[in-house]
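Sending over a structure as structure tokens; questions will come in a sec.
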């Protein structure tokens, strides 16, 4: 197990040497303004990323046989440059696959995957619609899907951009949907829940997460909406006597879940369940974004009355942590 | 009590005389293409509106002393013109205020106002924040506000455009909020609920509902957001030692609840509770719109596979009643 | 064969009786302002549509056993109402399927379908890429696709909204592409041509054309882009050793051919061939629209210096037939 | 009084030591690329801002007991880095409040505040509408408002972002309005002038200007439009028998003065006086912006034929100083 | 001289015969629903337009030899159809050019053309820039331009759509500019005034006003901005030693005066004088629009508290006549 | 002739001295962070641009008498700073006009100008419309136009931003137009070709290309659309009996060729030939952009599966070189 995570470095003494294990996210040869060459690396682990520099390029303690995607053990020290923490690497060697635990090296959900998966399966077990139940059951039983679904992030960056993020997002949405759907009797609950479980399933092929989080080439050219719709259509076609109208509705929910053409959905939601899926997905993504932004602001040392940085996913708004700010006032009162 | 509601006319034999009581929403003298003068009225009751024509202008059985806003008893018959139902009036007299029940004459919520009000008060009774509790309690205890709040529609047209619509919308939102808010621990529940109860309170001055639903002149020039913020600010200023920060947060929620500047909010939601209020308000309004559109489509005689007319509040989309359409398929199966 | 087409009626003497055969596109019972009931029909044939009215509802010469979609033989006469031609029907009977030729009753391409199809097949025969050749050959060899492809319109309205319109549009595009593509050596010609042939193939399920041109319910909820991509993916998956990258490129061209997210493409064109396909499709559609608008203006009796009505597909612009206007000047000169 | 203003530094010999007094606008510890720590300060006075660096952190002549918002006396020298002037600080001590004149330290109007105030009061004295006169008189007589109104900037940045900027902007607008309003007899002059005086009054609470110009938290969450409307409504409510319609019109002018919903006005101008106020405000702001940009271009050493930088408030346009450019041509002529 | 203007008809007894002279703006043969043919005319004079119908097509008292653009003398009577006034024509004959005064037949400015022209010439006489003075003087001295400039409307519809409208608009703008320009010392007054006089001069070729107000074909394809710039460039090129830079500035002002690319200006205003011209033009157009809308509302019988119809040129806003509404309150007070 | 082009430097050994000749595009005095002064130059030749630094400011081998626009001979060496190549200059002297070949110093078309010009003239020789033929012939025969047309770039940056770019773009478009136009019989071919040749002719005055590519001041204030329309109008006016309608059509094509108001065309294309010109111009510009981006990506060392940087002219899209990517797969196969 790792000892020093990137998120810990900020509390480490500047310039004090330490050892740790990181994933190489990028590797580039560069030169300073005064023509001194150095190696610039982006190193990552499950707590964040950091730039590292190697100045002694020909030091035998610095391995040269590693590339982007490798995992390395380094000895170095941290210091701030223009207010940004940076590593200076004194020793570096490439590790074999057996020498580290990959879960240490990419950010991951803080929930237990097994528990999340169980919640997902229990929800499906509770379906009253037999056709939707066998559809979702069949999808989740596919070993390749199952394995990827338990690992995949929900995004390259932004909300749920961590291992297990897709599953965490889906299970959070299931909990939310089970509360909201009964408020509107017009909605067919199992259809909404099916949409919740399947809407982002194309992301298991749109994204790659072995070394950082990237779009695949297929993902860039086709997108997770088309990939997901194709996956589900094939599964449905393999199920005997699946009702054709229900097939159309399920595919429509996947196609329309981004809610707007300009967000990449080729169709707007045109049934109540698709409208609800888009509402829930949007709400959950934004609330999760907000939580992340408040954590980030706290890490930046911002106080209760300070706004977050501008948030891209919220139209460049800045947000205030109302609870913290209000609490501060209460505490000041006698 | 009235015997023949406007919504009943479609099932009445064409040309068969009947008597009923209606509110005069509009009164105009007109001429046919062949120069024949007639009186064109828009009559309404709580089930809808209809055009009515008086051809025998000088018949002594036709009263002339009535104006827009009066209630009249008419004898006439219904028939279709270009597919639209229309009344021909043979007798008409103005009624005194004692001769009718106003609740028959404007569309109203189908819920019991007393019950809704009780749900509202019970919610407030459950607040744990004493400041928000005394704020909301004080507002609801104001006799003028209380009376108007129990009567007001939530809109001139579109969603909840009926007597009691404001209260029905608020209580529906409270139910929804009590389910969704606990899903996000970051949210201060009482602040969200306070926003739910107070966000549209300016509508009691923005709208007038004695004869049809209209904007007041003050409402047109100032808007319910400004009117509501002013009402609540005055109430807060009357409460001793109300925390200043909480005042700012409550006012911010009222100002930002439309969610976008172009929808008339002078500020975007910048705290989690305001963001949530906007989500819930938008979701509930659209789901209620959808329910109305499906009812309207059924009244239009549309079948399960037919889409609604284009819905203005849903970006001119047409919507499909998925449950009905799917049900039809199931019924067809052996 | 029919004797009097709807487009001929404008040259017929007003009020002069004639017989003809039409398709019933709509049938509604209505009432005049003076309460007189009548039957309002929309009748169509391959030259256009017209409103027809039956005033003698109980005349035994007027059949009552027909519905929308039936073909009827009528005797009647034409006259103008508010400048718009209208039929008065005196006799009407429903025809059996053997009593008429369907091609008379819906607008159709003026080209010979067999010739168009041969041009299409010759183009495919000239492919140098064996994978794309076997893909397109396989698609066109499917009897269900082949039959529909030879019949389908390219749109419900707007450009190429007539039987055979899809095929005519594709063949016109092929001719254009074969001229333009060699101008840009960067382009893989067979890939562009494959995109031209397959991009709209989903329309054979998105549209229905047995009685007028309508969207199917599946078409409304899924769209021809998704339907077409799914059809082609299934065909590719059935071909042994089809190159995976080529599959991705072909699907990308179908998905992106509308050129903009807001036009319903879930992906923008991101390869040169997809960019070119979008250019050609857009150009051909607009030039065909323009030709139709000039024909329509001529039918409206507009002179050489008069602009067309506003054209929806050209951003509500009005257009001038420059050749006609310039020719008029030349003719005026001595 | 200060001897060396920031705007003077550009004309000072590089590296020549000097003494001066500045306001500390920001203070941060940083490290160079070669790990050398230093203190980075943003210092300001009424002529501008500049970055300053302290390299000898432990030199006893460098005080450490100062924070953002303090005023310091420094000895240092200026030089350019990447074309941008920068200070190197050799000595630094914190000053007591009695040791400097705050008006030296923040940019301020070049007009005399007393004179501007007198012009404002004379305008109000000339009102013919007694209700508007007592409203404005009452507002300006409030000691807290009066003091803040004489000091407040009109913006955090952009036009009139200096002490007294609000008053200067209002008095400039009054002069403009008194010229333009008589051109349109439809306008009630006193109502326009009242709008001019009161439209931005909420800025005295929206902005803070003790150390630089910042938004207050209340200002960020509520905005000067709402704050100003609330202030004026309270004043009106305190005036006996103020005409209710006039109250609505005055509040409408404040609410609508940004002219567009997307600029944060919850209502569009719907009366002629509000339309005119928005025109005048917009025109004056843009002309003042233009003047500043031409001054800035001159400071940048641009010649008569060179365009300004892109101007954010003018849709990123670049502007040409036409008078200067034309004058250059005239001068060249014999 | 005419006796009965169209604007007078609303006060005439319905169905009472009268004689008058009108311009034929449109002439169409139509049929009623019951197949009765009639002639539908749009007649106009300087006070407005009205639909007129001729029912007795073969009556010898009804001339048949007239076309759109002719002037006719009619005997008829007025009545309302669906609330809209309409004429019934009993006699009609075509007039020779000597039998009427054209100024009676198209709406015209209420100002004296001679006086307006004198104001224009006096302004030019006051120029201090000799180059601009000889430019404008030369333009106004061209007999063809002079005659057209004194007659032309400023628009086909919307603001200043009447004979002399262009001149009235320019003279109003000159008055406004002479007040506003001195407020901004940066502005070269004669350049602004030159822009005011010349900016719309292309409208004398863009519009035709002999029979109603229409765009010319050249106007539709080129626009008054291009036509005007071309006219002024030719004049400048004919003036010896006109300063080249001044030529560029004058042309830039014409090109940019619409203020936005999407309003048809190929360049945004990039000099202060062009910015000011756009401000003044926009302000004057909107204030004149507002005055027209209030007059229209009064003609519609709207009371002081009623809003105008939605105004296209003001983003579909409705406007309130604040002076009238406020006056009503004052009058009500004891 | 030059020996070392800027594009060659990337392949040169770092730090190895070499001699070459460059154009000075910019010259500025700067200081490093540690206060060391240096001279920063932007040097260019026909293969690209590069930053160069002179550290020994007082070395007698460094000339000081040169300015922006001069051509200099330098001795120096190249190295990378932050991954970007940079020159260090050791010796520098200014060259006289006879000591270099300007065509080496600005990027230029790779086609032979004489050949391009001949293709242009042959196309005109093939016109069948005598009026258009003498118009274009007259324009091209003007010595000033002819010389500039053979040299001008088509843009300051983006597509065809090199000497001869305008001519290359026009000749490419002519070839394309001659293929596409016959596909649409509605089009008058000579009118389209005239539009192709003349649409951008204003660029010879809008741009300056003696030292780098810049907008002229006249170009910035008037634009090439207006300048070009004015040039062509003057030529037409000099041709006896040129048909007036044809003049309007030619000018309309120049004015509308950008296709949208927001792209600076004061008129939308309203005739078929103008619509086609806009299509062809847009297509050719984007295909040429794409070719440049793929070349740039190759220079950046990107592999077949890597996307280009975001392309401004393609809505910030990234593009994939499909041919290269597909070829890679083929090569991998056995």
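Note that the chains take the letters A, B, C, D, E and F in the order they are written out, and that residue 1 is the start of every chain.
Following the convention adopted for this analysis, contacts are C-beta pairs under 8 Å (C-beta built on N, C-alpha and C of every residue); 3 or more make two chains touch, one makes a residue touch a chain.
As the structure is a computational prediction, the values presented were derived from the model and not from experiment.
Q: Just to be sure I understand the contacts, which chains border both chain C and chain A?
A: Per touch definition, common to chain A and chain C: B, F.
Q: If you check the contacts of chain C and chain D, which chains show up for both?
A: Output, common partners of chain C and chain D: A, B, E, F.
Q: On a CA-centroid basis, which chain has its centre farthest from chain A's?
A: It is E whose centre lies farthest from that of chain A.
Q: When the centre of a chain is set as the mean of its C-alpha atoms, what distance in Å lies between chain A and chain E?
A: Between these chains, centre-to-centre, one finds 62 Å.
Q: Mind checking the centre-to-centre distance between chain E and chain F? Centres are C-alpha means, answer in whole Å.
A: Distance between chain centres: 46 Å.
Q: Please list all residues of chain E that touch 2 or more other chains.
A: In chain E, 32, 217, 220-221, 249, 270-271, 307, 318, 320, 325 touch at least two other chains.
Q: Please list each pair of chains that are touching.
A: A-B, A-C, A-D, A-F, B-C, B-D, B-E, C-E, C-F, D-E, D-F, E-F
Q: Quick check: in the complex, which residue numbers of chain B touch chain A?
A: Touch residues, chain B against chain A: 172, 175-176, 179-180, 183-184, 186, 188, 191, 243-246, 249, 268-273, 275-276, 279, 282-283, 286-287, 290-291, 294, 307, 314-315, 317-323, 325-326, 329-330, 333.
Q: Taking the complex as given, what residues does chain A use to touch chain D?
A: Result: residues 15, 32, 79-83, 305, 307, 318, 320, 325 of chain A touch chain D.
Q: Provide the residue numbers of chain E that touch chain F in the complex, in ascending order.
A: Going through chain E, the ones touching chain F are 217-218, 220-223, 225-226, 229-230, 233, 248-249, 251-252, 255, 261-267, 270-271.
Q: State the interface residues of chain E toward chain C in the complex, per the touch definition above.
A: 28, 30-33, 35, 217, 220-221
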